[in-house]
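Worksheet: one structure, shown below.
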Amino acid sequence: MIRVGIIGAGRIGQVHMRSILSGVPNAVIRAISDPMIEPDVEQFARNSGIKNIYSDYQDILDDPEIDAVLICSPTNTHARISVEAIQAGKHVFCEKPVDHEIAQIETVEKALKESGKRLKFQVGFNRRFDHNFRALRSAVQAGKIGDVQFVRVSSRDPQPPHASFIASSGGLFLDMMIHDLDMIRYLSGSEVTEVFAQGAVLIDPAIGEAGDVDTATVSARMKNGALALIDNSRQAVYGYDQRAEVFGSKGSVQNANDLPSTMVLSTVDGVTAERPLWFFLERYMSSYQAEIRSFIDCIEQDKEPEVGIEDGRMTIRIALACMRSLAENRPVRIEEIN
Amino acid sequence: MIRVGIIGAGRIGQVHMRSILSGVPNAVIRAISDPMIEPDVEQFARNSGIKNIYSDYQDILDDPEIDAVLICSPTNTHARISVEAIQAGKHVFCEKPVDHEIAQIETVEKALKESGKRLKFQVGFNRRFDHNFRALRSAVQAGKIGDVQFVRVSSRDPQPPHASFIASSGGLFLDMMIHDLDMIRYLSGSEVTEVFAQGAVLIDPAIGEAGDVDTATVSARMKNGALALIDNSRQAVYGYDQRAEVFGSKGSVQNANDLPSTMVLSTVDGVTAERPLWFFLERYMSSYQAEIRSFIDCIEQDKEPEVGIEDGRMTIRIALACMRSLAENRPVRIEEIN
Amino acid sequence: MIRVGIIGAGRIGQVHMRSILSGVPNAVIRAISDPMIEPDVEQFARNSGIKNIYSDYQDILDDPEIDAVLICSPTNTHARISVEAIQAGKHVFCEKPVDHEIAQIETVEKALKESGKRLKFQVGFNRRFDHNFRALRSAVQAGKIGDVQFVRVSSRDPQPPHASFIASSGGLFLDMMIHDLDMIRYLSGSEVTEVFAQGAVLIDPAIGEAGDVDTATVSARMKNGALALIDNSRQAVYGYDQRAEVFGSKGSVQNANDLPSTMVLSTVDGVTAERPLWFFLERYMSSYQAEIRSFIDCIEQDKEPEVGIEDGRMTIRIALACMRSLAENRPVRIEEIN
Amino acid sequence: MIRVGIIGAGRIGQVHMRSILSGVPNAVIRAISDPMIEPDVEQFARNSGIKNIYSDYQDILDDPEIDAVLICSPTNTHARISVEAIQAGKHVFCEKPVDHEIAQIETVEKALKESGKRLKFQVGFNRRFDHNFRALRSAVQAGKIGDVQFVRVSSRDPQPPHASFIASSGGLFLDMMIHDLDMIRYLSGSEVTEVFAQGAVLIDPAIGEAGDVDTATVSARMKNGALALIDNSRQAVYGYDQRAEVFGSKGSVQNANDLPSTMVLSTVDGVTAERPLWFFLERYMSSYQAEIRSFIDCIEQDKEPEVGIEDGRMTIRIALACMRSLAENRPVRIEEIN
């Protein structure tokens, strides 16, 4: 039984709390911490048998009975708390992104190396644990499409964030496309070497005024020779659009959106299926549980997590390369970003 | 907070236990009972904070702190325990079928009428709470297909039961097609008036020797004039096949199977999607939770359950009419069965 | 080069004329006949190099240069003209149905036997030559689904015929379902032994007043043990609905409707595909050409046509059995009909 | 009745010949020319009532009874013969590409301007007349997806050309992607302003040795602000893969491949649909007929053809910009190419 502390009881912290309670049999939540926990969350936690509810995450790090922490605090605290947790001897699951700056991510890597123990560190790229994307990866790894030659990811949010969110989030490439950048690595089984980005403000001028784009594409080259394309939009009015395709010498594998039901209605107006599930909480709920289950299993069985700190760092480098590409209107090699 | 006791900790009892623990926030399990509970189930129950674990269900009925019971014991005890539970003043969720004999079901109806209280009684036709079937029903009720003229249900198991199971289960019509018979009532919003059944032994001769069929069709007439067709097979080698269509004056609505993922693989061999989810526990898991959630809400809000004792009785009558039709090779009116 | 005469230049006669002109390279139309040919049809025929345009079909039968005739005249003349054509030594392609009465069909069979030559006789069950239905049959024959256990055909017209058409057409079973009755024989590779029909008037009361139904289902038993279900409606407002499924010991094969395009539109209103092609001329056009091409090839290569007079007779017997079943509300064995 | 001469009786010339014979009622083929016509093609032409079969196309241009010519000769003769035909007062349908060099295309534009008559000139971008792509365009033009923000085209051949074909064809961008470059203009209703191309040799090293790529992507910016992505592969082993998506402020519209049938086979190995139609002759056959029908209608009704010389020129400019982008690894503005 792995004893867990959750640092941060906001939206994603609550998701992980419920995931563990309902479907991670070999983990128990020993504590949660949040400087400003909401009353109903606190109530739910107490009803669910979570004994310790702290305002200061330090209490979690200080508890020798806690094996692992889930860092669900604001992004700009991820790296610092990760380092502290490692130094306190805890296994760490850190929400993505670890940080927007590579130097900060490297402090976490350093702490991991310096810790004498074999501590596990997993980054919250939950999409790797989603049934639809994992199925593609499994097919690729099983050789079903031969050598990978091309990867495509389409990722569209149902509604744009408020422009005020842009600054803290780091913008489209760091906040939204980062999942897709990780996905082309995951699906191709190879590293990105060069990117070319195009972007536009077509949905909300306020996003442009905040210095970001709301529509973007990226062309990438992979180390294994494959090409990749990504398209992002901040607003697909029909719902969260999450699709990918991997094409190779023996065939192609692609996925489609998850729907609330398989119902199809035929009338004089056409043959209509349901819209995709609305947004990431609906769409990826089971992947959040699966990633935590995998993290706990890695601790229990002393295995390497499927998404490590190097994935967190590499994905940030690619996102930063995309941003430079867009700013300078030229292809940018990943090795330029350090 | 509704306090629940679960009678029977076998497969379906465990399903309901986990459902309540993970996703029925306004219910708490106060006790479970089973004459021969398995050690790991007992362990899981204790870890999950279930205080009382009894061998005798009478202990549950005797507990004045328990508001509602879930009857998950063997079929031949359903009616008797239902009556006792009602007499003990408990709300009852009873697994389907309530009984194979109408007289027995009527004892439950009598007990309900005699109880001075407004006790809730719900039968475990979980499929009514499944997203794919409920979506059809909602579309029909919203008038999207106009007047219902035709209903079709295809229902096929991935593998046949052992022939030794036939006797206690009541055979294909009482055990398997009963869900589909309920479904044509649910989807059409009307009652069956006449059925004609055909059956064959095409899969396992031992099923025939046990006096049952493994392949069957039913043609039915509904009170509102609609026609209905059902096809059943005990063995669809590609997995659990669960589909329906409702056709009306303004269009048609149909559903398809749920799949493990939306992945599609294109190779020289064709364009291949995944097989349906294997069997009812994988396929209908979320409907089990939804039916319990609905039952608890009905108690809390003093509403009538969506599937009552009269649905349990009517469905058995139709199943018995099908069996007579098959035996006598003629259409049988439901009013013949009493 | 097979020299063809077309008897009857109405809708279906014109379809065959165009089919041969554009895509049957080893046939040439030498003459057409119609007592009241429309001027534009005559003009088109002349422009297309058809030399002889008669009002009397006898002129076609008298022409020794003509090898084969296509009988596209009204149904009640099919059998008589077939006999005359056979006696004149012509190969015959006869539109379906050959006749509504078995005795009449038997006069054609007799004529065929008495003709000393190996004359070809093909009945116009065009659906056997349709890509979607032929694909099912091929898969079944290739053993892909193992032993056939169940067949289902859904067939729905986009709009009902005028009630005045009912009498001459013979009604739903003889005019519309006859294709589906042939289809369950074709797809299962077996003969129907018993049927049970249900019918209703749910669309147009005038159809009921004319003594017919507009909605019908049939349950059938096949000689190989398989069961079959058919559903028919005279009005699917979303367009011509033509689907089938064959289920067996190793799997299932089904088809879907043909659409004008593969376009799918995603908006706030859902994810919408196009409606099926409107009616049989749009939907089955290529099958009309394929059946004539096959007929001509059979003459050229001295092979038996894929659909012979016995198929014409057997299908009528089944349709008549369905009508008796509906009238008497009981299952009817095909051998009762003679 | 428009009188047509076909210059070049190779593969595509024969396609147009058959199209006109079987489905362009207001056109008649008066002559074909080819310096080395194959005997069976000549035979077919004679049987089909084509009176004049020349070896020299000049005979066609000299015939005052001919209204329009279809130029189906080798690419490097397209521009020259177009000019001559215009000067001879003929309407011209010219196969794509008009030429690989813009200067050559401009000679045709000049000839068109100088001809006193309102001659029609149509370029053979047949895909604009394909049901699946035209449906997207119609939906976009009807405002169903609002303002276009993103366009994506995936286009993959089933098998690579022989490397010896690369030189004369102009390579992937001029020969294959040119259709997709036209398509993003057609679907977005806007012009390309800038492109960035990536390419790789992943299928056949001989293609690389011939100086071409066999896998390529293009990122483009459109004048209306939209972004576009194209992916091309010379070898999709599962068949010709032809898909597009247009995304906008009110939704998205996409198409899928055409299949030989709608059959789906479910077995223990999965749920398998058919592979796409094999290659362009199977897939786009009806679009070839539709484009000629449209061309003839434009002559008859004195309307502008849907694809003119300026489309031929613009598409070549974009293809050349892609080639420069790939060579120099930088985005290239279309205005750089003149």
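Chains here go by letter, A, B, C and D, matching the order in which they are written, and residues are numbered from 1 within each.
Assume a contact is a pair of C-beta atoms (placed from the backbone, for glycine too) under 8 Å apart; a residue touches a chain by one contact, two chains touch by 3 or more.
Every value quoted in this text rests on a predicted model; they were computed, and no experiment measured them.
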- Task: Return the chain pair with more inter-chain C-beta contacts, choosing between B-C and B-D.
- Result: B-C
- Item | Identity of the chain that, by mean CA position, is farthest from chain A | C
- Item | Identified repeat of the A-B interface (over half of residue pairs identical), from A-D, A-C or C-D | C-D
- Per the C-alpha means, the centres of chain B and chain C lie apart by a whole-Å value of 42
- Indicate the whole-number Å distance between the mean C-alpha point of chain C and the mean C-alpha point of chain D. 39
- Message: Can you compute the centre-to-centre distance for chain B and chain D, using the mean CA position of each chain? Integer Å is fine.
- Response: 58
- Query: What are the residues of chain B that contact at least two other chains?
  - Reply: 236-238, 241, 250-252, 265-268, 274
- Task: Using the touch rule from the top, collect the residues of chain D that touch chain B in their complex.
- Result: 236-238, 241, 265-276
- Of chain B, residues touching chain C in the complex: 147, 149-150, 152, 154, 156, 196, 198-200, 202-203, 215-219, 221, 225-227, 229, 231, 233, 235-238, 241, 247, 249-252, 329-331
- Message: Considering only the defined contacts, which chain D positions touch chain C in the complex?
- Response: 21-23, 49, 131-132, 134-136, 139, 144-145, 250-258, 260-268, 274
